[in-house]
Structures are given as C-alpha cells and as structure tokens.
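Alright, structures below, take your time with them.
Paired with subunit B in one complex and with subunit C in the other, subunit A is shared by the two complexes that follow.
Take a look at the complex of A and B:
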C-alpha cells in the first residue's frame, strides 16, 4: 500500500466522524417524526457547523490543567484511531492489537481525569457517574476484545464475547441512558459544565472520534464473529459497515430514551455479570469437551 | 475575528440556554413548547444546552427580580461572546405589570444598564412581546436574532405629553 492510500485511510475517521453524527441526528429526528437539521448541507454537516462555531467562540478558561487534559485526550483518541486504521490494513500484526487496547484505555483514563480535574460540584457528580460506568464496563470490554481478536475460540464463546463487546461499545459511546456523566438537563452538563468555546469543541470532537473507534471495533468484531475478518476485502466491509453500526447504536439510544438514568449503571452491571457467568459456563463446557 | 463573522458562525448552529429571571412560568412553558418535536427547532440547528458556558443565545424571561439579579448577572457573564439575548414575554420586554414595582428591575432594557455597570456586553438583543409569547413568535424572534428574517418594524419611541 502506498503512502497516499495510507494517509487517506488514516484521515477518514477525522473527517467522517462528525458527518456520521449529523446523519445520526437526522435519523433520530425521523424516528421522532421530526425533520431534523434542514437541507442537504445541514443533514450531513450539522456537527461540523457546531464544531466550527465553537472554535470561533470566546474561550472562558477556569483552569489551565483542564485545557491541557482536554487536548491530551484528543491526542490519545487520535492515536487510537490511527492505530485502529493501521490494524485494519494489517490485521496479521498482533502487536498492533496490544497497542490499540493500551491507547484505548489511556484515552479513556484521560476522559476520567478531565472529569475529576474540576472543582465544580456538577462536574464532580458527573465524574462519579463516569467512574461508575467505566468500572462496570471498561475491564470486561478490553479483555473480551483482546480474547476475541487474539484467540480463536468456539462459536458459543465468540458469541458471548461479541455480546459483551457490543454492549460495552454502546455504553462507552456515551448514549442514553449511559450519557449520565453529562446528563444534560439533570446536572447542568455534568463533566462538560465548565468547558466553553474551543475547549468544548475539542471535547466534542474527541467524543465523535471515540464513537467512530467504538463503531469500527464493533463492525470488525461482527465480521470476526461471522468469520470473514482478516482480509483486505473485510477491511473495506468494516469501513462501510461502520456508519451503519453508528446509526444502529443511535437508533438504540432513541429506543432507550425513556429509560431511567439512575438505574442504568446497576442494570448494566447485572447484565454484564450474567454474560460473564454464561461465558465461564461455556468455557467449562468447552474444556470438558476437549 | 469580527463580531459579524462570529455571529454568522452562530447562525448555523445556535445553542440556546433558557434563563428565568423571575417570571410567572407562562413564557417558560411556551419556550419548552417551542423546543418540542412539534415545532422542531433543530431544523435551524437549535440545541437546548444546560450550561451557560455552552450557550450562544439566551432565551430570557421575567422582569428580573431583585432576588434573582446577582444570579442572572453571573449567568450572563458566564456565556462566552458573542452573546445574543432573546427577551421573551411582556415582563422581559418592559417589565409588564411589574414595570415599576419595588422588587423588580423592570425588564431587560433597564437590566442592560446594570449589565453595563458590571462590564457585561450583550452583542445583540431581540424582544419578543406577548403574555405569554407564542411558540411561533419565540422561534421567529430567534430567527430574527440570527439574521434569518429581517426586522419588519423599526424602534420608535413615542412620548405622550399630558
């Protein structure tokens, strides 16, 4: 693969992530019998318009540390997405998977650090909730992803791992009712409360890219479940499947729109534990068969 | 970047913040109505935000009571520039029936004097009268503030001599 194609593939997520978000908004509007962002340009570029506007706004900085952490978060999410694209091109390189998981967890850690770095009480509540959700999901997600990508296991275990990965991707993408870290009307934007102008734009852009990473990982694990991952054709399918996965996650969030945000994490933890239990049972069953 | 250019940026993606300065809640209910799927304000990129730091446009209701005054000043100070205010309802426009009571400032026009003293600049103000203002009027006022529609009437101050 020449350098131009490589640059193009790594640049795709940075350009299309806000576009996918705009399409999600349009789809959500259609489900709610609304029109949503009006016109062709708005339908595809509304999130880009939001980001451009935020970059032109005044920056009200309450702490320099927060600004640094926000920029570092974007940097690490960007590195993660570049590694993911490299993994798509060269799925045979296993060390890239290790690198991907490492940077995914680092970017997640920066998101948590940003949440607790503010002394605003609304941000503290948001940070506490963010910690709760991350603790309920992150460990299971990273381990199931590692097992799924590195080890060839029976289909029953693969399916259970895929369920854990899919659930985790939904939760970590910060959609209803797991957007409680910001829980907009409830706790005045939670961890985002003090961010303004370019800093808010940076955070929103990080979230878009993070959602892209999770949608692409979910698309790839789906192909892995079917058994067609690892080829150049599969990489192309993954890229095409990513917007569909993104929108499916958006549709699920509309369906869960009336869910209570306070019972969300505990229900998630219960479902996660049930899935882990089922996986252990399946593993014991497989070991006995062998 | 010039103010006009920044306002043009806001035009494509106006994020609104609802600020009640002591209204009877009638206008607030109409604001919520204007932001429901029925009127679908997201057509114009409008998004309701919960923090003033994220806001471009403040949907302002109430005659500004003396009790709410410091909080309202603080909130408007927290909005990053360019700041646009849409003063909604008779009370916000000119104080309404509270225009000369002891406990209110008497509408946004008088309140702007207080804001100037505090060093808070408002880049654009649009007044939407009505008691309460209709949701259609609120959306129209918002679009007027963003420059989608042109102002039909000019401001004329008439002094009645007794």
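Take a look at the complex of A and C:
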C-alpha cells in the first residue's frame, strides 16, 4: 500500500466522525418526530459546523491543567484511531494489536482524568459516575478484545466475546442509558460543565473520534465473528460497516432512558460476570469435546 | 351528616371556645375566635378532618384599627370551608397554629413578612418571601405602603441566611428548574440526606397590585391569568368564582360549562407538558418529543375555543366572553378522540421503558401522614393516598354534572404521582366530551351585577397541580384584600420529606414530581416607561426583556 492510501485511511476517521454524528442526530430526530439539522448539507455536516462555531468562541480557562489534559485526551484518542487504522491494513501484526489495546486504555484514562481534574461539585459527581461505569466494563472489554484479535476460538466462545465487546462499545460510547456522567438535566452536564468554546470543541471532537474507534472495533469484531476478517476486502467492509454500526448504537439509545449510578454499573457488572461464566462453561465443554 | 348538622356542630364549638359565628354561606362558615384559644380550635378542626388551605394576613386598620389573620380550613368530606379570624392591634402578638397544624408555617411567615405581624414562635426565623435586601420595618401589604414602592437595594445582606455547610447547589438557574428557585442538597455519596430551600426570587407583588387604583374587579381576571404561564385560566377562574360567591352573582349555566371545558383542556395540556418534562429528566428524550407532539393538537384546540393557545382571557366576572358553536364542538370532539388514542399508545410504551419505571418506583416517597399534616394538594396528595379533589369535594362550575373518577395511588412515590397524571388525562378528556355533549343553550354572561363592600368569600379550583385557593374581602371598585394561594405553595414544604434518602439522580425527578410552578407561587411586574410615564403590567419574561434594555 502506498503512502497516499495509508494517509487517506488514517485521515478518514478525523473527517468522518463528526459527519457520522450529524447523521445520527438526523436519524434520532426522525425517530423523535423532530426535523433535526435542516437541509442536506447540515444533515451531514451539522456537527462540523458546531465544532467550527465552538472553536471560534472566546477561550475561557478555569485552569491550565484542564486545558492540557483536554488536549492530551484528544492526542491519545487520535493516536488510538491511527493505530486502529494501521491494524485494519495489517491485522496480522500482533504488536499493533498490543499497541491498540494500550492506547485504548490510555485514552480512556485521560477522559477520566479530565473529569476528575475539574473543580466543580457537578463535575466531581459526573467523574465518579464515569469512573464506576468504566470500571464495570473496561477490563472485560480490553481482555475480550485481546482474546478475540489474538486467538482463534470456537464459534460459541467467539459469540460470547462478541457480546462482551458489543456491550462494552455501547457503554463506553457514552450513550443513554450510560450517559450518567453528563446527565444534563440532573448534574448540569456534569463532566462538561466547566468547558466552553475551544475546550468544549476539543472535548466534543475527542468524543466523536472515540465513538468512531468503538464503532469500527465493533464492526471489525462482527466480521471476525462471521469469519471474514483479515483481508483487504474485509477492511473495506469494516470501513463501510462503521457508519451503520454508529447509527445502530444511536438508534438503540433513543429507545432507552438514563440509568442511575447505583443501578447501571452494577447491572453491567452482573451481565459481564454472567457472560464470563458462560464462556468458562463453554471452554470446559469445548476442551472435553476435544 | 347533613350540611346543616355540620354547620350546627361548628357553631356549637365556636360558642364553646368563646367565639362568634360571623357569616354562614352555602360554601363557608366565617367565625371569629379569641386569639388565646385559636390553637385549641385549630386543633379540633384539624382532628375533625379539616385541611388547612392557607391563611391570609389583612391590614384592617382602615375598617377596625386592627390587623387580622384568616386561617382557611376546608372540610373536604363535608364540602365546606371554615374561615377562622383572629385579630390584634398593631404591635400585639398573635399566636401561631403551626405547632398544631404544620401546614400553617409558610402562610404565617408570609403574613409576618408582608404585614409585619408579630406571630409568636416565628420571631427568629429567616424571611420567607421578602428578599434579604428589603429594608426593615417596610411591610408591603400594609395599606399605607404605595403599590409601586421600590426600596434601594443593599447587597451586604445577601448570603446571610445561607447555611454554613455547603451542599450541592441546585439553582437559582439550573437545567431542571425552568424558573429561578434555590435548593441546596446535602449528599452522602449519591444519596440526599437533607435539603435547604430558598424561594420567592421572583415575587411580583400581584396581590398588592390588584388592590391598587390601576385595577378594578373587571380587569383583575386578566391580571390573575398572568399569575401562571401554564395554568393561568385556573387563577382567573378562581378569582371570578370567589368574587361571584362574595357578591352572590348567579352565573349562566352555559358560561359555567365553558369554564369547566377550558379548565379541563388546560389540565390536559399541563399534564402532557409535565410528562414530557419527566421523560426528559429521565433521559428518555424520545418520550419527551412525542408527548409534546401529542400535546400540540390540544394547544390548537385551546386556540379554536378561546382565541389563544395560552392566556385565554375569556373569563369575566359573571360569565365568559367567548361562546362555543356547533362547528367548534364537532372539531373539539374529533381532536379529543385522536389525542386519547395517541396518548394510550404513548403510555403503553412510556411505562414499559425499564429506566422510567425503575427510577420512579420507590423514590421521592411522601407518606400519607406527612401529606395530611402538610395539607398537600393535587396529584401530590392523590399519589400519597389522599382522595382530595376540589372538583368532587367542593363542586363548582359544571363539575357536579360530569361523571369522573379521582385517581388515587397509595405508594406516595414518583411513579404514583406520574400515574395519577396519566389517569387524569383520560378523565379530563372524558369530562370535556361529556360537557360538550351536554352544553346547554342560553347566555354566556350576566347583564349587570353589583359587588357590595366588605363581603368575604373563599374560592377554590382544582388546578393541574392541585387546589388553587383565592380569598377575597370586597372593597369599593376593587378587592380590599385578594389572597392567592397557588398549589405549589402548599406542596413545596413536602419536598424536604420527599428528598430525604432519595438517590441524587432522582432528586431532580422528585422536585419535578410536584410539578412546581414558581411563577404561581412567587407571583406581573409593573413596567414604567421613563420617557412617557406610561405604566402597565407584564409577564416576568417581558419584564426581563425591559430590564435588559
């Protein structure tokens, strides 16, 4: 693959993530009996317009540390998406998988650090909520992803691993019912309360990229599940499947209400443990058969 | 027990407590009790099943050189009000009945703030209604204080009354509060353990304004309708009902029907609006959007019947200003049929969303005993097992001719209050259909009327949020005293109980569950154009626009 194609593939997420978000907003609006972003251009580019507008606003800093963390969060999530695109081109390189999982974990940590670093009671509550949700799924997600990408397993185990990955991707994308860290009506946008203008734009852009990463991982694992991953054609399918996965996740969120911190994370943990238990049972069953 | 027996029993007790019965009307008994024995009499009334509706402080110095407090009790089961008057000379102390009837706390504090009454037991309590920078010894509801008096502001008093412990601030501006109020939630982890409340940020002195030469009996309905942006018709209806009772005006039956129809339409749109807000709070925005879509035809129907989507302006003393013809009747019935079907489908989906049911069940619990002690009203009371509904207990307008159920749930939680409102939408649709079908022929307003001075009357109308109470002492051309008690005023004190031990996430649903209307509770601003000197009253938001200019 030449350098131009490589540059194009790695640039795709940075360009299309806000576009996918605009489409999600238009689809959600249709389900909710609203019009949503008006006109053809805005249906695809509204989130880009929002980001540009926010970037043009006055910069208000409540602390320099927060600005630094916000920029680092974007940096690490950007590195993650670049590695993901490299992995898509060269899925056979195991060190890329290791790097991807490491950077997924680091970018997630930065998102938590940004939330905790804000000196505001609403933000603190949001940060702890985000912490609980992340704690309930992150470990399961990364380990199931590693197993799925590195090891060839029987279909039953693949299916269980895919369930864990799918659920985790949904939860970590911060959609309803797991958007408790921002919960606008309750804690006045929680982890975003102190952010405005360019900083809010940076954080929103990070979130778009993060959602892209999760949607693409979910699309790839789906192909892996049906056994067509690992080829150039599969990579193309993954890229085409990503916006559909993104929209499906968005549509699911429209049908649900927001959970509570003492309900959602615990329920998630229970579901994850059940899935892990089933996987062990399946493994024992498979080993016995062999 | 017949009405006569009830009145006789009250008369006997009044004599026993050394008091006198002043007046007996079809709907109320007005009594005067020596202030030394008012606590005992209030206790007897409370134990006899009476709810405290409100109390009203009155500056009667121009009549009898005294200040008076009127405690308004309602015997719901008997359908009669008992208005208990106590009075004192300026500077003399008056006893509080709050120890016997907890619901009296707020109205007594308001009488203290607004009239400077010395009410025993309330001396050291912070101001309830007046702002912290209001000067001492200026009592706005005293007759010698001009209605447009505006004291200079002094910022140093701000913040003095706030508790030293810092909690989680909710307000005065918060996404969940669509009007300015201040709650401070004290939390352990994510569980609320206590709450501090400061309200009346937008008190607009509307009672005082109505007593001013700018208003007359005929124009006050339009002022009353501006008390609230959602249930304004309730206030104008309650005002005209009270004046008509005081002046014994016989309102044509057709006008009574039209008032009831419009009141129910207001209830439907208010409940649909609330359900949308509740869905939004619970993060279910699809529900929020769809219920507001279902609500829209009701707003169009209101415009068809009254000429306006809101602030209808059709109530006048002695009747209404706008009739309903056959074509409107037919269209109204079509709209209601469609709304009922759509709402039925919506409720099926809404009540099957797991997060909605989970978060509303068992949260914001108000036990029946507390609901009784605080005399809470409306869906808040009915969600806690109290069968209180003015339309049934004290039938007014055309409600005695309509058949409907009063939905009651005993759980006392957020879900119970939600379900009360859902059931009430169906009942209200049915009431409007019945009344439209039975709409009698005839005139829609009396030709003429006279309103004698110094007559007293109490009126109550069931608003979407509960019982709205107006008390009037008639005067020359305008009320001598007009007291407005909005339902939210009665329900806010219950929030302290409801919020305790509630998960923080559901605290906001709990606050919303009483459907608080702070503009009703706080109550139009008089705007004076400095160039022309022209004055007029305006809504809060219009006032803000002027302020920004």
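Definition applied: the second predicted complex is superposed on the first by the 284 of 290 C-alpha atoms of A that agree within 3 Å, B and C clash if a C-alpha of one lies under 4 Å from a C-alpha of the other, contacts with A are read in each partner's own complex, and residues count from 1 in each chain.
In this text, a contact is a pair of C-beta atoms (placed from the backbone, for glycine too) under 8 Å apart; a residue touches a chain by one contact, two chains touch by 3 or more.
Keep in mind that what you see is a predicted model, and the values were worked out from it rather than measured.
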item	value
Which superposed partner A:202 touches (first subunit B, second subunit C, both, neither)	neither
Touching partner for A:125 - first (subunit B), second (subunit C), both, neither	second
Partner chain in contact with A:256 - subunit B first, subunit C second, else both or neither	second
Subunit B versus subunit C as contact partner of A:144, first or second or both or neither	neither
Subunit B versus subunit C as contact partner of A:177, first or second or both or neither	second
Subunit B versus subunit C as contact partner of A:33, first or second or both or neither	both
Which of subunit B and subunit C A:194 touches, first, second, both or neither	first
Which superposed partner A:242 touches (first subunit B, second subunit C, both, neither)	neither
Which of subunit B and subunit C A:107 touches, first, second, both or neither	neither
Doubly contacted residues of subunit A, that is, touched by subunit B and again by subunit C	32-34, 184-185, 188-189
Complex contacts: residues of subunit C adjacent to subunit A	168-169, 174-176, 190, 279-290, 293, 353-356, 358-359, 503-508
Touching residues on subunit B, where the partner in the complex is subunit A	1, 5-6, 9-10, 12-13, 15, 37, 40, 42-45, 47-51, 53-54, 56, 78, 80-82
Touching residues on subunit A, where the partner in the complex is subunit B	25, 29, 32-38, 42, 46, 49-50, 52-53, 56-60, 184-185, 187-189, 192-197, 200
Residues on subunit A engaged by subunit C in the complex (per definition of touch)	31-34, 121-122, 125, 176-177, 179-180, 183-186, 188-189, 254-263
